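Look for subunit A in each of the two complexes below; its partner is subunit B in the first and subunit C in the second.
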Partner chain A sequence: MLSNLGNILLFINVFLSVLIIYFASQNIKTSGNSISETIYQTTLLQTTLIFGCFFTLVAAFITSDFSLINVFENSHTSKPLLYKISGSWGNHEGSLMLWVIILTIFSFFFLINNKTHPKNYRLFTLIFQNIIILGFLSFILFNSNPFTLISPAPKEGLGLNPILQDPALAIHPPLLYIGFVGSSIYFSAAMASLITNYSEKFFAKSIKNWVLISWVFQTLGILVGSIWAYYELGWGGFWFWDPVENASLLPWFAMTALFHSLIVLEKRNVLYFWVIILCLLTFVLSVTGTFLVRSGILNSVHTFANDPNRGIYMLSFLCLMIFSSLFLLFKKYRKNNYNINFNSKETYVLINNWFMLFYLLTVLIGTLYPIFTDALTENKISVGPPFYNAVIIPVVVIFLFFMAIGPNVKWIKNKFDNLISFIIIFILALIINFIIVYFFKSFTILSNLIIISSLFLIISSLIDLKKSLEKSKFDLARIISHLSFGFLILFIGLNHNFSLEEDFNMKVGDTKSFNNYEIKFKKLEVKNFKNYKSLIGDLEIKDKKMSQIKTLNPEIRIYESPSTLTYEAAIKTNIIKDYYLTMSNIDRSDFYNIKFQKKPMMFWIWVSCMVLAIGGFLRVFQNAKSN
Partner chain B sequence: MQKVIKFLTTLIFLFVIVVFYFSLNKDPSYQTNSLVGKKLVELNLENFDGDYNLSTKDFKKNNFTLINFWASWCSPCRVEHPILMSLSKSKKLKLVGINFKDKKNNAKKFLNELGNPYNLIAKDEIGKKSVNFGIYGIPESILVNKEMIVIKKFIGPLNTQDYNEILKIIN
Partner chain C sequence: MLTKKVKKRVSFLSALLCLSVIAIFIILKSLSSNILYFKSPTDIKNVQDLNLSKKIRVGGMVKKNSITVKNEEIIFIITDFKNDLKVSYSGTVPNLFSEEKGVVAEGKLQDKKFFIADRILAKHDENYMPPELKDIMKNVK
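Right, the complex of A and B next:
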């Protein structure tokens, strides 16, 4: 029953998309600057029905309707409700539904929120957005239908992969999708802007909040994914330069560059084509990322089952997107002679963009290089953290200095009258760095530079904050975001520098000593839970210096549906540092491999990343208020 | 100039799309089964004491050689050890052990404790040379003939079924 309902709703949605494209193209021909009521109504109906379609799928998961092959493969009656629901987007077919929902919602809200902008610009945006919707709907219908039936219906499902049964991961896909699928709307708007010649600052006004919203969600999505990897994967890190993590970072760089250059376009009416390129690039990178993950080209924790047909479909779609946008861009491109003074805010924003593009290219090359060598030379290689760390980290140091100076530079033409204050800030940063190094006695040249440059940014942002408070003229969003980015890099630097990692083979009753710590394997218990059995270790960690004792309980979980072993890290978090312990069994022996890590400042890394996103939200509210 | 840039941009995108297309039909997982039937050319292995380099000559003397990759720290290697001991009794087969990312003393202790099935032992201290043999985890074993052509690969510890298969091939 649910299968039929879902399929009918999908078909109606295809029909509605075609109808919207038709109505919109008719409406373009008419004079006047108002969009016909029919289009609003059809778009509203489309949004409502796609929700209906999605909830049909969720209902099938909640009621464990195993007549749907998708539910059978990804759910189980014994799953807790939350994971039944999140199971509906924790797989390829269901996640495509999420894609279409976000495409549709953004399409609807862009239409109703931009009434001050010209009719044709809005209508063309609607048309392009609906072409994308149509593309994804037909992908769902003809290749990845979540409503496909299985007959006879099995009594029990295969279950959701246990490592996906985690609250962070339940919300990770929706957040990330709002981010990079949301970028579709400014892709469509950029195409519409090229066609209708609606350029300059009003165009910037019409998309800036959409860019910010997608950036905020992209940031949060990456954050939550990172938290999940830290807690669940048991490797003790939060970023692994995994190709799929990189795929989410690429659009993030493009978005960051985009909303900075939008400020210039809005204020000074320059950089229009650059903004258009970034708009197009962001969504192209998002779809490329999705293609890489779903086609099975990449091997990673996110890889879905390999299906070349799926890949062909997405590649054709990507191809169409890239070449149609290139065609339009080249056709409309005209050379502009920008009059930008070397020492002006415009230049600093451009510098931000160059850095972002540098990061983007580095990560893009690192991600694609193994695919290329494999395809062209049959050589399997992988590009790992050493490459990214070596290329990106030194450049971050310079970037942070520019990030500190940039906001205080004036538009059009600047004079450096605050040079002395920058020198004082720099000396202050040096002193604090030496204090940190003196007390903790562990450093490298690079880590010193990272700490100094991030402190430079932090102190300058704090001074900005103080000045704004005095003048009661606030750019709180910018200050908060820049400040938290400075803190983020500082904490990552401290974390990297002062982490401790030790590995032991131990059996129950053993005690090991290292540095200032003593670790004792007290006991091992077996417990039964609703959908898994757990082997729980009881280990005591003694900090000899502070004479503190902490008990940690890492687990080895044995899931039955599907039968899988997962290793749950035991983490004791406090404000200064995390103790991180994982345990894995050694075949046919009483020994367990115990990995102990001390990770300073983890809590603050999460907090700064969160505040960074809050800064973006604040800007959205400020913009909404000033409109 | 503008035309050149436009042309190059289109070309780059086209190139990426074509590479993606070809990658689609490739298996992304690291498969080494394709080594079967191929000839091992580069050996470049030092023996255990570091005073002798293994060459193809060492393989030409016997009809069949089983190259086994092992380490003292690897617990599944312990599991397969009795099978290797039994195989070492066969006169038609020579065993070459490649000690993978191990410490010499620990490796010696391991062999003293469980017995030494190998005719020759080579070492690969940093694990880089084993990559040429398509090794990505140990234990793994490769059965080669006189001409150094790979007849079969065994990934994971050898079991009785593998044992019978090896005997069948060499007899």
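Right, the complex of A and C next:
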């Protein structure tokens, strides 16, 4: 029943998209600057029905309707309600439904929110957006239909992988998708702007909030995913340069570059084509990332069941997108004069863009290189953290200095009258760095440079904050985001530098000593829970210096459906540092492998990333207010 | 004679070109020194010039009855059913590390028969095999 309903709704949605494209192209031919009511109504209906379609799927998951293959493969009656619901987008087919919903919502809101802009520009945006929607709807219908039936209906489902049964992972996909699927709307808008010659300033105004919103959600999505990886995967890190993580970072770099150069376009009316290229690039990168993940080409922790047809469909869609946008770009490209002074804010924004593109290129090459060597030479290789650290970290140092200086540079033509204050800030940063090094006694040149440059950014942002509070002329959003980015890099630097890691193989009753710590394996308990059994270790950690004792309880969980083993790290967080402990059994012997880690500043890494995103939100509100 | 404007533009473009060439060069240079090659025990046996200083990944099955646990390390044998490689590792073993299951170890070779791993790659799903391993298993069957 639910399957039929879902399929019917999908077909109606295909029909509605075609209808909208038809209405819009009819409406373009008419004179006047108003969009006909029919289009508004059809878009509203389209949005409502796609929600209906999605809720049909969610309902199937909640009621455990195993006549749907998708539900059978990814759910189980004993699963808690929250994970039944989140299970609906935790798999390939369901996540595509989420794609289409976000495409549709953004299409709808862009249409009704930009009434001051010319009719044809809005209509073309609507048309392009609906072409993308059609592309994904047909992908769902012909290749990845979540409403496919299985007969006879099984009594029980296979269950969702237990490491995916987690609150952070329930909200991670929606957040991330709003980010990178949201970028579709400025892809469509950029195409429309090229066709209708609606350019420069006003185009920048119409898309800037959409770019910011998608950037904020992308940032939050990456943050939540990273927090999840930290406490669930048991490696004790928060970023692994895994290909899938990289795939989410690529559009993030492009978005960051985009909203910085949008400021230039809006203020100075230059860089139009550059902005267009970034708009197109962001969504192309989003789809590329999805293609790489879903086609199974990349080897990563995110494994979806693979199917070659899927890859081929997405690849052809991707090629179509790239070629049509390139075609339009070259056709419409005209020379415009870049009257940019070398010493001006415009240059500094461009510098930001170059850095972003450098990071983007690095990550892109690192991610794709193994695929090419595999295809060309049959050498199987992998590119790991050392590559990214070697290339990116030294460049970040220079980047942070520019990030501190840039915002205080004036538009058009600048004079450096605040050179002395920068020198003072630099000296201050040096002093603080050496205090940190003196007290904690750790020395690598690179980590010192990272700490100095991030302190430089932090101090100059704080001075900006003080100045703007006095003047009451606020650019709070920028200051908050730059400040928190400085803190983020500082905390990552400190965390990297002062982490401690020890491994032991222990039996119950053993005691081990290392550095200033003593670790004692007191006992092991077995407990039964609703859908899993758990081995809970009881370990005591003694800090000899502070004579503090902390008890940590790492777990090994044994799940029934599907039968899987997971390790739950025990984490004791306080403001300054995290204690992180994992326990794993070694091939059913009496020995347990205990991995102890001390991770300083973890809490602050999360907080500064959060504040970074809040800065973006603030800017959206500021923009809405000034309009 | 070039006008001032053209001169400025030419110098700007050439600077940009230089910068991008340098950037690409840096990226590729560190790429070539930081990639990890994936080998099976048979690959290692057949290799002529053995590079002991470079990190590699080794994949195969954990041989039956080969795991020994000592105080500071775990010793086991990786096999691709033709050749074996002894591995020593100290650290956390991933979820599904067990005898007669697939494994990928990262580390350095001591000689052709002995490997010191500093990481055993995590896998989260019993049915999941890294693509590299799948090919090896295919060749065996």
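Operating definition for what follows: the second predicted complex is superposed on the first by the 626 of 627 C-alpha atoms of A that agree within 3 Å, B and C clash if a C-alpha of one lies under 4 Å from a C-alpha of the other, contacts with A are read in each partner's own complex, and residues count from 1 in each chain.
Simple rule for what comes next: a residue touches a chain if its C-beta (ideal position, glycine included) is under 8 Å from a C-beta of that chain, and two chains touch if they have at least 3 such contacts.
Note that the structure is a prediction, hence the values are computed from the model and not measured.
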Overlaying on subunit A: subunit B and subunit C, fit or clash?
-> clash
Does subunit B (first) or subunit C (second) touch A:Leu233, or do both, or does neither?
-> second
Just subunit B (first), just subunit C (second), both, or neither: which does A:Thr116 touch?
-> neither
Please indicate which partner A:Ala390 is in contact with in the superposed arrangement: first for subunit B, second for subunit C, both, or neither.
-> second
Applying the touch criterion given at the start, work out whether A:Asn379 contacts subunit B, subunit C, both or neither, answering first, second, both or neither.
-> second
For A:Gly366, is the partner it touches subunit B (first), subunit C (second), both, or none of the two (neither)?
-> second
Subunit B versus subunit C as contact partner of A:Ile312, first or second or both or neither = first
By residue count, is subunit A touched more by subunit B or by subunit C?
-> C
Subunit A residues contacting subunit B in one complex and subunit C in the other 296, 299, 303, 380, 586-589
Interface residues, subunit C side, partner subunit A - complex | 19, 23-24, 26-28, 30-31, 33-38, 57, 67, 69-74, 90-99, 122, 124-126, 128, 130-132, 135
Of subunit A, residues touching subunit C in the complex = 161, 163, 233-235, 296, 299, 301, 303, 354, 358, 361-362, 365-366, 369-370, 379-384, 386-387, 390-391, 503-505, 562-567, 582, 584, 586-589, 591, 593, 595
Mind listing the subunit A positions that touch subunit B in their complex?
-> 291, 295-299, 303, 306, 308, 311-312, 315, 318-319, 322-323, 326, 330, 333, 335, 368, 371-372, 374-376, 380, 586-589
Using the touch rule from the top, collect the residues of subunit B that touch subunit A in their complex.
-> 2, 6, 9-10, 13, 16-17, 19-30, 75-76, 78-79
